[in-house]
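Shown below is the structure under consideration.
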Amino acid sequence: MIRYILRRVVAAIPIGVIVTLGVYALVFAMPGDPLRELAGDKPIPAAVLAAKRAQFHLDDPFIVQYLLSMKDILTGNFGTTFAGADIADQLRLRIPVTLKLTLLANVFQWTFGLLFGIYAGFKRNGWIDRSLLLATLVLLAVPGLVAFFAAQFVFGVQLKWFPVSGVLDGFPTSYLLPSLVIGLLGFAGLARLMRTSIVETVNADFVKTARAKGLGEQRVLWRHILPNAMLPVVTFLGLDLAGMFGGAIITESIFNLPGLGQFMFQAIKLKEGGVVVLLSTLAFLSFILINLLVDLLYGILDPRVRHV
Amino acid sequence: MTATGEVLLKVDNLTVEFDTPRGPVRAVDGVSWQVRAGETLAILGESGSGKSVSTQALTGILEMPPGRIVSGTAEYRGADLIAMTTKERRKIVGDRITMVFQDSLSALNPVQSVGTQIAECYRVHRGLSKKDALKRAAEMLDQVRIPAAAKRARDYPHEFSGGMRQRVMLAMALALDPDVLIADEPTTALDVTVQAQILELIAELQAERDMGVVLITHDLGVVSDVADNVVVMYAGHVVERASTAAALDHPVHPYTEGLLGSMPSADLKGQELPTIPGTPPSLRSIPSGCAFRPRCPIAIEECAHDVPPLLTVAPGRDAACIRRTTLAEKEAV
Amino acid sequence: MGVALGLSLVLASCGGKSGGDSGSGDGAKSVTIAIAAEPLEYINPLNENGSPGIQVAMAMFAPLVTTDPNSGKLLNVMADSVTPDKTSQTWTIKLHPGNTFQNGQPLTAKDYVDSWNLTAQGSQAWKNNGFFSKIEGYEALNPETPEGATPKPTSVKALSGLKQVDDLTFTVKLKVPFSQFGLTLQYLGLAPLPEEIRKDPDAYKRKPIGNGPFKLAADWNAGDDIKLAKWDGYKGPLVPEASAITYRFIPNADTAYNEFLAGNLDFVDVPSTKVKTFKDDAPDKWVTSASSGANYLTIPAWDERYKNPKIRHAISMAIDRKAFADLVGLSVPAKALVSPDMDGYRADACKYCDFDVTKAKQLLAEAGGFSGPVNINYSTTSASGQVNAEAIGNMLRQNLGVEVKYTGKTGSEITELADKRKLDGLRFSGWGHDYPSIEDYLTPMFKSNGDANFAHYANPALDAVLAKGDAEPDPEKAIKLYQQAEDIALADMPLIPTFTKSNASLHSDKIEPRVSKFVGVSALWATFK
Amino acid sequence: MSDVTAVVSAEAQELGDGRTLSNRELLRALLRKPQFVLCSLILLGFFAMAAFPKLFTSADPRFCELGKSRQGRSDGHPFGFDIQGCDYFANVVYGARPSVLVSICASFGVFVLAGTFGLLAGYFPGAIDAVISRTADVLFSIPGLVVLIVILNSVPNRSIWIIVGVILLIGWPGGMRLMRATVFSVRNREYVLAAKSIGVPPVRILRKHVFPNAMAPLLAMTTLGIGGMVGLEAALTFLGVGLQPPSISWGSQFGVAASYRDTPHLFVWPALFISTMTISFMIIGDSIRDALDPKLMR
């Protein structure tokens, strides 16, 4: 087990290097002077610009800038943003926001997705199944942007069921509406996947064996069908969690949640290579970590691929 | 060979259809048979002949829909399994009537240890505690001659060899000491030597428990080795029903005859093995009249008119062939 | 100097953070004000030139002078008097006695001199450094630094033009005479810092010590809402009625607006996308200020194709300003280069700003037509950039018959390309004054190498008139000279005036914001009902 | 295999097993589904709109009178006017082309890329698989939207082809994984081994035997995802990196109109068109998958 984890971690290192290098190169190649964004239309005295340039190594060659950034990241010495914010502070404030949003959204997505997917798959072609398929089609067809704006206006502004934006009301109140919308949008795909997986498992021979053992339908479903049908769904979990980070940019912006997505978007707009790379590294690490966990979980769920 | 035990399971005029996008398809048509305590009944037929469907239908594990029982009864000690509620049936199926399937790798839940799967029978039907059930499961594994049973109970199906896995299946089926064991091609996927061991094991355990065994197979060799009586099925119909010895010695139906002919034997050494010409019909396009007609060497025009009735040609011997039944009656007279 | 409108647009459309109390009343006179921008990272007026930072500084710091919201005249706040010499080159500033910082230290001339010297040091890299470039000795603190090198702290630590006379008096000597200098002193970016902070600015960037009517109510972390409580030690004029203020940062302006509608804010600015609806969304809860600031279409000086003034006039006259202003909303067509609320504004200063398709076509024909498509640049970071660009583009295409294309870039990239004279085609620009003088429009934008010379425009004749105006101590005469400069600029037309926009704001039932035709709408000085 | 399956899905099994998968049979199965026919007709309508907008409107989408900005419907202007005072119906009709192009090209491109890489990775384990899979890992671990924003901010001119290109770049790894997994399950099937044993060159095996049998899941995923592309384009406009005028597309129309709540016709129409097209594609995708997959058919 330990060796397996170590091997995975070592294998991730070159990918991490390429990811960070690629992201840094992309940001570096973006046109425009990073410090210009700070100034707006106003002129900044040459001396001020020069001081900032030196502080952020902006005049060094690309590879030096990259290495310096990576050194800062690896030594945990994150420094400040161009605007002067302490990046470590920012992370301390923002990571919990994104985590709360992501986790709550996933709770909704997985609860709805699994329940409906399981039920629909098990009672295939029943009215719940049919209405579920229709509902998922509609949900998948609604652009996320529409859903976020509409939900904010209807449930926040008009009905006042949820806070409109921000995190003032704390967890979970402030996070409910955006999480629900993300969860609903993601639930459609998950429910369909779960349903398909259940449908495929329902016909398996071992399910017949279970029935031949005289087991009740509930027991057949929960003990025999589900653990097997979950396997493909679990692999989806990793990709899905990793994807949430990117998707949060729009959600965080519309609902004014000060999370990593907004930080990232801001850093891109300001061409802060260091911050973008730091956040990409975080995203990458969480991707690797989540995937490792998912693979380990998979191993627990499926003895056939157990990593010893 | 005796047929003296109590009749445990009696299937009468069972008809099963499937709904397909192109309309209903009759997979089992008016099938009747019975099995007594201590008896081994073989249901013989090619794949698609409806032999598995009939047993799956009466135990309620057939998927319905698309499957549908059109008519018929299946009485266990006088109680009709088909008419009773699912709940009532579950008290019998899995407890008094149990099943063993062909492909033990896919028939066992891949993500549960075999011990757990066997223990589940005790937990559900006997209400044993988890610990007791697991203990009994290990004992059961021991009974089916799995070495180091207590330890292996914790292993998963993929960690067993094919023969061992089939023993696990058997252990699971016999855990509750059933009256009837339905073994659906239990040895098909196994090597010949392993096959013999398993059949021997079934016979041994059967003798211990005075159990009725329904053995579904396409292998005439298996039938001749272990079965007391045999039911031959073709395209959803029972075409011949007899004691094994009688059927092997004097097959009445040309299909049975054909099967016998295609069995390798010492007599035919060095010769090309005869086969039944043609292929079994698709259930969607069963020929009119006798379904075997297109492949039958003695078919005549009348065979296309009606489905031949299953007629008694001798005590305990029935066959469905208008040519042979009439012939047999003449000879008998 | 000048708070560029472009900047506030950029800031208005960013993303961010919030925290604090809800706006609904809690007995005390507290008010929650939305700032549609990224939350502040620190509070230091000398290192702040964006409107969010200045807005917070306005509550926590007090300027030397300010504009009286009732009369529009200059009003002393921390100063007792601000007096120029005859040439307007050396200015003497006397402080009002008895003022202190929020830590109890008395406010002295030394605090001003030292704070300003600190800011003027290039190595400090504070954003208001540029303000001091007008003062004698600036270069010694800001030596030319080679590309890539860190500016070294200079041995000179003080501006030679800045002299403390006594505890309450100091003098400022400018490089050249400048009659409007007194007006510039109301800029909040010139606020004093107490000695404690000057010694170690970094340690105090989250716990500022001001001299204004409000102080931090509790510990504050970067990114949080800023909660202020009234400071009783403030002795200046114009004391706000509120006893507590919360500035809540909501980067998405539409979101801030929605928050207000949901009843969570006392005051919010109406974003550009809502100017058509705010009166229905919040009836009886809105105020508008008189139009202030000015917006332009900028013509690149470096592109030969646009060089002929007739082409520029043709473009100007092909624009239906009325329809365009209606599209923008809350706006009126602009036919002058300065804001309508300025002394010296002339409503019809521009001769080529009437909508006249025939005349426009004729001018274009006289200039020999235009080759190639007209490219219109718009900022993708501004909510209305693309809409405005398309409106102008459609009018040029349909009214002049020229082909039009569009390029969307981030605001900073457009500015940078323009700085390098590489931007192709027209772009939008806007300007709002820092101090109420038409000079604060003409010098930055039209003087050769002006701070905000968007078009890279240069005309020695205009420079000369401006210099005369700067040296003219009589305000009336100075304005006349500045108006001459405006006429020259309008004839050359490096910038085409488009519209001036009122600001609209929403306020909760419990407050009534202060509305002044001189300084606009203010929630800080709101009265409570 | 028990005869239950043999009986029930005799027909579907033929489809699913692949060897006898005939396009005509597939088409016949599809044409029997009314929802498939209806959605195909709707899509044909959209395609026609994209190809020949003049068939649908005689108005010039670029003739605008700012004075009519955001007016409601009137005679000859069934959808009213947009922000610029242009006829909105004409604009929505002309908006079909970029929207259809982006969604179709991006989806088809992702299908081709993911299919090719998935085939290669699944069929040639070892170096080729390692290179492809690790590249995919890299792209996976960067949030896609970040790549989109960064690249689209960098390019001088955001044409639909650039947007399609970037979507391709970040879109293929997902499909590749799916294809690779499917190929894994197919590559040791009898017919592949048989072809191999008689010396059929690998490319031909991939083309003739592996691909046709492994493409169904990817095809279904692609059709389900087509609609998302239009939604993605709207999101890009919201983030300030969408299509630039004078290109008109439903996504950018919606992105711009989202802020103007008081004139709902501005976002209702493009949203309606986007959703209709999306649902049509998804129903078609569902139908194809159902027809290809025997297990889901019942």
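Residue numbering begins at 1 within each chain, and the chains themselves are lettered A, B, C and D in the order written.
The criterion applied here is as follows: a residue touches a chain if its C-beta (ideal position, glycine included) is under 8 Å from a C-beta of that chain, and two chains touch if they have at least 3 such contacts.
None of these values were measured; they are calculated from a predicted model.
A.B. asks: Farthest chain from chain A, going by the mean of C-alpha atoms per chain?
C.D. replies: Using the mean of the C-alpha atoms as each chain's centre, the farthest one from chain A is B.
A.B. asks: Of all the chains shown, whose C-alpha centre falls nearest the centre of every protein C-alpha atom combined?
C.D. replies: Measuring from the global C-alpha mean, the nearest chain centre belongs to A.
A.B. asks: Check A-C against C-D and say which one is joined by more contacting C-beta pairs.
C.D. replies: By the number of C-beta pairs in contact, the winner is A-C.
A.B. asks: How far is the middle of chain A from the middle of chain C, if each middle is the mean of its Cα atoms, in Å?
C.D. replies: 39
A.B. asks: Per the centroid of Cα atoms for each chain, what is the distance between chain B and chain D, given in Å?
C.D. replies: Comparing mean C-alpha positions, chain D is 50 Å from chain B.
A.B. asks: What whole-Å value do you get for the distance between chain A and chain B if each is reduced to the mean of its CA atoms?
C.D. replies: Using C-alpha averages as centres, the distance is 53 Å.
A.B. asks: Residues touching two or more other chains, restricted to chain A: which are they?
C.D. replies: In chain A, the residues touching two or more other chains are 31, 153, 203, 205, 208, 265, 269.
A.B. asks: Multi-chain contacts in chain B: which residues touch at least two other chains?
C.D. replies: In chain B, residues 56, 63, 101 touch at least two other chains, as defined above.
A.B. asks: Which residues does chain C have that touch at least 2 chains other than itself?
C.D. replies: Where chain C meets two or more other chains at a single residue, that happens at 381, 410.
A.B. asks: Taking the touch rule as given, give the residues of chain A at its contact with chain B in the complex, in rising order.
C.D. replies: 203-206, 208-216, 219, 223-224, 227-228, 231, 301-304
A.B. asks: Which residues of chain A touch chain C once you look at their complex with the stated criterion?
C.D. replies: Residues 31-33, 36-48, 50-55, 59-60, 81, 83-86, 89-90, 93, 152-153, 156-157, 160, 163-168, 252-256, 258, 262, 265-266, 269 of chain A touch chain C in their complex.
A.B. asks: Looking at the complex, which residues from chain C come into contact with chain D?
C.D. replies: 13, 254, 271, 273-274, 276-277, 280, 320, 323-324, 326-327, 380-381, 383, 386-387, 389-391, 393-395, 397-398, 404-408, 410
A.B. asks: Going by the contact rule set out above, which residues of chain D touch chain A in the complex?
C.D. replies: 2, 5, 134, 137-138, 140-147, 149-151, 153-154, 156, 174, 224, 227-228, 230-232, 234-235, 238-239, 251, 254-255, 258, 261, 267, 271, 274-275, 278-279, 282-283, 286, 295-296, 298
A.B. asks: Residue numbers of chain B touching chain A in their complex, please.
C.D. replies: Listed in rising order, the residues of chain B that touch chain A are 56, 59-61, 63, 89-95, 98-99, 101, 103, 106-113, 120-121, 124-125, 156, 158-159, 169, 172.
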